[in-house]
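Letters A, B, C and D mark the chains in the order given here, with residues in each chain numbered from 1 onward.
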Amino acid sequence: MARTITMREAINEALSQEMGRDERVIVMGEDNAGGAGSPGDADAWGGVLGVTKGLYHRYPGRVLDTPISESAFIGAAIGAATSGMRPVAELMFIDFMGVCFDQIFNQAAKFRYMFGGKAVTPATIRTMYGGGFRAAAQHSQSLYPIFTHIPGLKVVTPSTPYDAKGLLVTAIRDDDPVIFCEHKALYDITGDVPEDLYTIPLGEAEVVREGGDVTIVTLGRMVHTVLEAAEQLASAGVAADVIDLRTTSPLDEDTILESVEGTGRVVVVDEATPRCGIAADIASLVASKAFGSLQAPVELVTAPHTPVPFSDVLEDLYVPDAQRVVNAAKAVTSWSR
Amino acid sequence: MARTITMREAINEALSQEMGRDERVIVMGEDNAGGAGSPGDADAWGGVLGVTKGLYHRYPGRVLDTPISESAFIGAAIGAATSGMRPVAELMFIDFMGVCFDQIFNQAAKFRYMFGGKAVTPATIRTMYGGGFRAAAQHSQSLYPIFTHIPGLKVVTPSTPYDAKGLLVTAIRDDDPVIFCEHKALYDITGDVPEDLYTIPLGEAEVVREGGDVTIVTLGRMVHTVLEAAEQLASAGVAADVIDLRTTSPLDEDTILESVEGTGRVVVVDEATPRCGIAADIASLVASKAFGSLQAPVELVTAPHTPVPFSDVLEDLYVPDAQRVVNAAKAVTSWSR
Amino acid sequence: MSATPERLLESYRIMRTIRDFEERVHKEFATGEIPGFVHLYAGEEASAAGVCANLDDRDAIASTHRGHGHCIAKGVDPVAMMAEIYGRATGACRGKGGSMHIADLDKGMLGANGIVGGGPPLVCGRALGSKLQGTGGVAVAFFGDGASNQGTTLESMNLATVWELPAIFVAENNGYAEATSSTWSVACDDIADRAGGFGMPGVVVDGFDYFAVHEAAGEAVARARDGGGPTLIEVKFTRYFGHFEGDQQTYRGGEVNEARENLDCLKRFRERVTSAGELRGEQLDAVDREVADLVERAVQEAKAAPTPTADDLLTDVYVSY
Amino acid sequence: MSATPERLLESYRIMRTIRDFEERVHKEFATGEIPGFVHLYAGEEASAAGVCANLDDRDAIASTHRGHGHCIAKGVDPVAMMAEIYGRATGACRGKGGSMHIADLDKGMLGANGIVGGGPPLVCGRALGSKLQGTGGVAVAFFGDGASNQGTTLESMNLATVWELPAIFVAENNGYAEATSSTWSVACDDIADRAGGFGMPGVVVDGFDYFAVHEAAGEAVARARDGGGPTLIEVKFTRYFGHFEGDQQTYRGGEVNEARENLDCLKRFRERVTSAGELRGEQLDAVDREVADLVERAVQEAKAAPTPTADDLLTDVYVSY
């Protein structure tokens, strides 16, 4: 039975149900219980934004607080994953990857290849990304393009509570290391989510709206921005296919290429910065594999090539909005040689 | 007066002459002198491949060995840069970025923006990249796409001794943090290099060969592979423009777009892996800003989406070779709807 | 320990400014007008003030996410700080940094830092600069108990000794990293116990006692200026507010009331200097009034100040590009 | 210290295998047939053998770039290792890893590692797994003096104590990190001095003495199995070859000859066990011959083995994609 719950609840439920189903699943991170060694509640926090709340008491000994030592505990999750556990480690903000990236990209991502196929590393790293919280340059980034660049990693960027639960369950069960990216501004959005456990395969994009005039490819929080834009475009007579990537690695090339064959016009919308980013990656895919269908330049709507600013005025300009998407879609649909 | 010297010598000379000219320039890194505290020569090594050899005795106190603590000493270079020094720190292999990335991308890259324009961070980070040494997955990567992704960093990838010297001098004098990427397989190539100090601006690509039939965009070691391919193409009647990016950030969009306007056909060649990489970045540029001129799909010639293998047989397949470039160029020049 | 009355009054002013600034930010945050993550330093004033009283223009500090106190103690203008916290164009970082990124390089304040353990490496660099330039300057890394478990902090201590740097490491142990107790996360008894492993002296001081901090830091600064290398100072106290504004603090009990009542650094400072006859109560009262005015003015000016404009979004990324 | 003769003979076999393996790789490398960066463990055999003699199938180790010795001591097949070093399809990693990445997870060998300080975090994870699964297994991180300055190593020691893990940290101090002396790069006298700062016992042992290492590791393993948490063991010795093959070693003097003559672990082991009557010289001689044959066979098989094929380039990146 499906209920309407928040994305935070959907993620929590995925963790809880998987922990219930499989005792190899453990959860670790700074304040993931929250209160280790403190005189008050041992799970006072349940993660900095409460995503893991309640798991500590439900699964004694399997929700671990950690010192602020990301290399050590993310590496520990990876080491435990090679030893029969299925750890879900939380890298609180994706911005903190810089203190532990080695364990992720040189260790977890490469074990299987370096060891000639003899390693299995089913670690999931949950991490929070994105703007909108006025959290400034070191707490607002959308760094999944960096993880996407790395062979050996899978990268998931859910946009709805339903997807978050199904994709997280898949990630936990997946035998490869997965970076599971949660947009902090999505935790409170609600949606229908089945109570039962279910999985959504990695590498399958979803066509969240069908149109036929233009293909808008996007992911994560931007799916909602694009859907808002698609509404406005519809009123203006432009019917958009909207594709939610759901995972950036593996990438569902087929769904993108199929849509572009129909529309011939492409906009890519991403909250990350543009250089070597997801938008460029998709544009490149289209330019190399769908050129024959392409009727107009690919338009990229991304954050600018700048750090994330603090001021609300500036941050609102920084994060792509529906208007920019509308403009881009109009530009490509009206383009002719 | 120009002499023929190796790229290693050119880099060493740039460092030495800049140290001679400006006492704020200091050099630091693991074994950059090489022999600190040891009973033998205090500069026994001069860097793991001898690039900084001889500087230690020439500039007493200004070439620092370091413990194996990349966060601490790369961070120290950055901190010193904000305090009036012009440090050149060596991150031995670019593959080691994972243990110190935070200092580079969250600190150095963002100071100026976060602090409202009030910081200047003239740190240069020299680092070795690329395949060909049978050094396997953790010592052969071409990770500059990750640095290119980060606003606030500049990224340099010289392909010749001449460029290496001129670009390194510019990097050291530049007031922004610069990642200076040296391909380990290029250290022994030779070329004409003026004895005098000179600079090459960052953000200016070089058209290293003019053709007119197809634009081949590349960088670093691949410039040589592409030039070899261009020779073969010429015999086959295909005349290639070959563009050496020299810096990936800033990117010289104009030179690329101008060439593509002329040729309408584009191949991008890069040793890095493909997802969110430089090749995708350039293809995306072309698809968005030169679509009107484009006559064929953009072809990407890159490493596969895998770690770098150890075996020489496999590594030789991994790194793009001239044949693959030739094939790609022929494909795009013969393409028609 | 023979500070002039001027120095004492100045230190009191700093501590009082920090306290009032933080209490006021706490109040204003509750109205919803202040955006972002805000971490308050109230309760810990003696550390910033006691350490920085030993520093001068040659010297620099690096701070943490909990940076307001360090900024004020190193001479950053509280009016510009408040404007920054409000995200205004007149702010210390022109509204682009916010609470977690206030810096003033001209004052030797190398920045608050959103990354736990981000500061210690930078401090090594600044100390190296001072050493090579022969300025006699020292550099101080403030960091928390939580940050004392971050590898970047630990390896920086080693580097500082190896390079014989004029650096000082101040571990501010307020008992918690977010909700996690330092008695749990720090595997040894005192953070200062780590000093020996990195070849430097380590001391523990009562962080509610300005004079104790001042003295310990004074020794460390003197040694560093003298070429004697780094020191680790652990300062123990309690933070008066939550980890960040909004924190319900169900992980701890009544220790804050207890500390505010019986241990507070401002109270103890006043008691000590008045009973020793070093300063008169009226002098301190006058400072209290001046600080209250300053903080009021800071808030009013911040609220009235213009926000950044669209143009500001794309500037200040590079010096040139 | 009451090892059975079988155990002693087995440890001797391991040390002799490591020595012969490394001497042979050194010789073969000089011919140009072995590709890549190769770091030899000769001289340090007593560490790998002495520690691993206390381990069994439940236990795991993580190694470094200088990993051959640890692999052999933990039971990885030297024939597959040699093939790997030659980059052959029959290698331990099917030619994809090379010297710096030999692993055998089935044997509890979590991998050599090209990243200095890469292993200790992984060991925490393996130890956590053993703890949660209740296997009684322990996990050992081998790392060098240079790696003892890497933040990842330091923070892992803290984590291991905080989580009360059955982990053991073995700092192999061979005097150098590349060309840099550990007396310079390690800011304290002994690396073992760092143990206290991370809440664990620390000991220094003579790394040329198999029995000393074995005993210290035995205590640490017993404590870890017992739930007593981690230990730091510093093992001091000299590496017999350069940092990597090709190193001219102008940073050091005659210490290697000195060590080979007077301190060598194999010589001392033989002396001790024969004079104590624990083993007879002929038993050891027989092992020497068997090992020589094994190493010869390993080289011949490696040279004769097929290289990987084009198909292998794209496999083993993911389990599924």
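Points worth noting:
The rule is short, and it goes like this: a contact is a pair of C-beta atoms (placed from the backbone, for glycine too) under 8 Å apart; a residue touches a chain by one contact, two chains touch by 3 or more.
Note that the coordinates shown come from a computational prediction; the quantities given were computed from them, not determined experimentally.
For subunit B, the chain with the farthest CA centroid is C. The geometric centre of subunit A is 39 Å away from that of subunit D, both derived from CA atoms.
Per-chain CA centroids place subunit A at a distance of 36 Å from subunit C. Annotation: 30 Å between the Cα-based centres of subunit A and subunit B. Across the assembly, subunit B contributes 66-67, 69, 71-72, 95-96, 98-99, 102-103, 106, 113-114, 136-138, 151-152, 304-307, 309-310 as residues in contact with two or more other chains.
Residue positions 93, 95-97, 101, 113-115, 149-152, 155, 158-159, 162, 184-186, 317 of subunit D are each in touch with at least two other chains.
Because contacts link each chain to all the remaining chains, their graph is best described as complete. Residues of subunit B touching subunit A in their complex: 71, 95-106, 109-110, 113-114, 136-138, 145-146, 148-152, 249, 251, 273, 275-281, 283-289, 291-292, 294, 296-300, 304-307, 309-310, 337. Against subunit B, in their complex, subunit C makes its touches with residues 60, 62, 91-97, 101, 103-106, 110-111, 113-115, 118, 120-126, 128-130, 132-133, 139, 151-152, 155-156, 158-159, 162-163, 315-321. Residues of subunit D touching subunit C in their complex: 149-155, 157-159, 161-162, 184-188, 193-200. Considering their complex, residues 30-31, 34-41, 44-45, 48, 65-72, 95-96, 98-99, 133-139, 304-307, 309-314, 317-318 of subunit B touch subunit D. The touching residues of subunit C, when paired with subunit A in their complex, are 35-37, 87-88, 93, 95-98, 100-101, 113-117, 146-147, 149-152, 176-186, 248-253, 255, 307-310, 312-314, 317.
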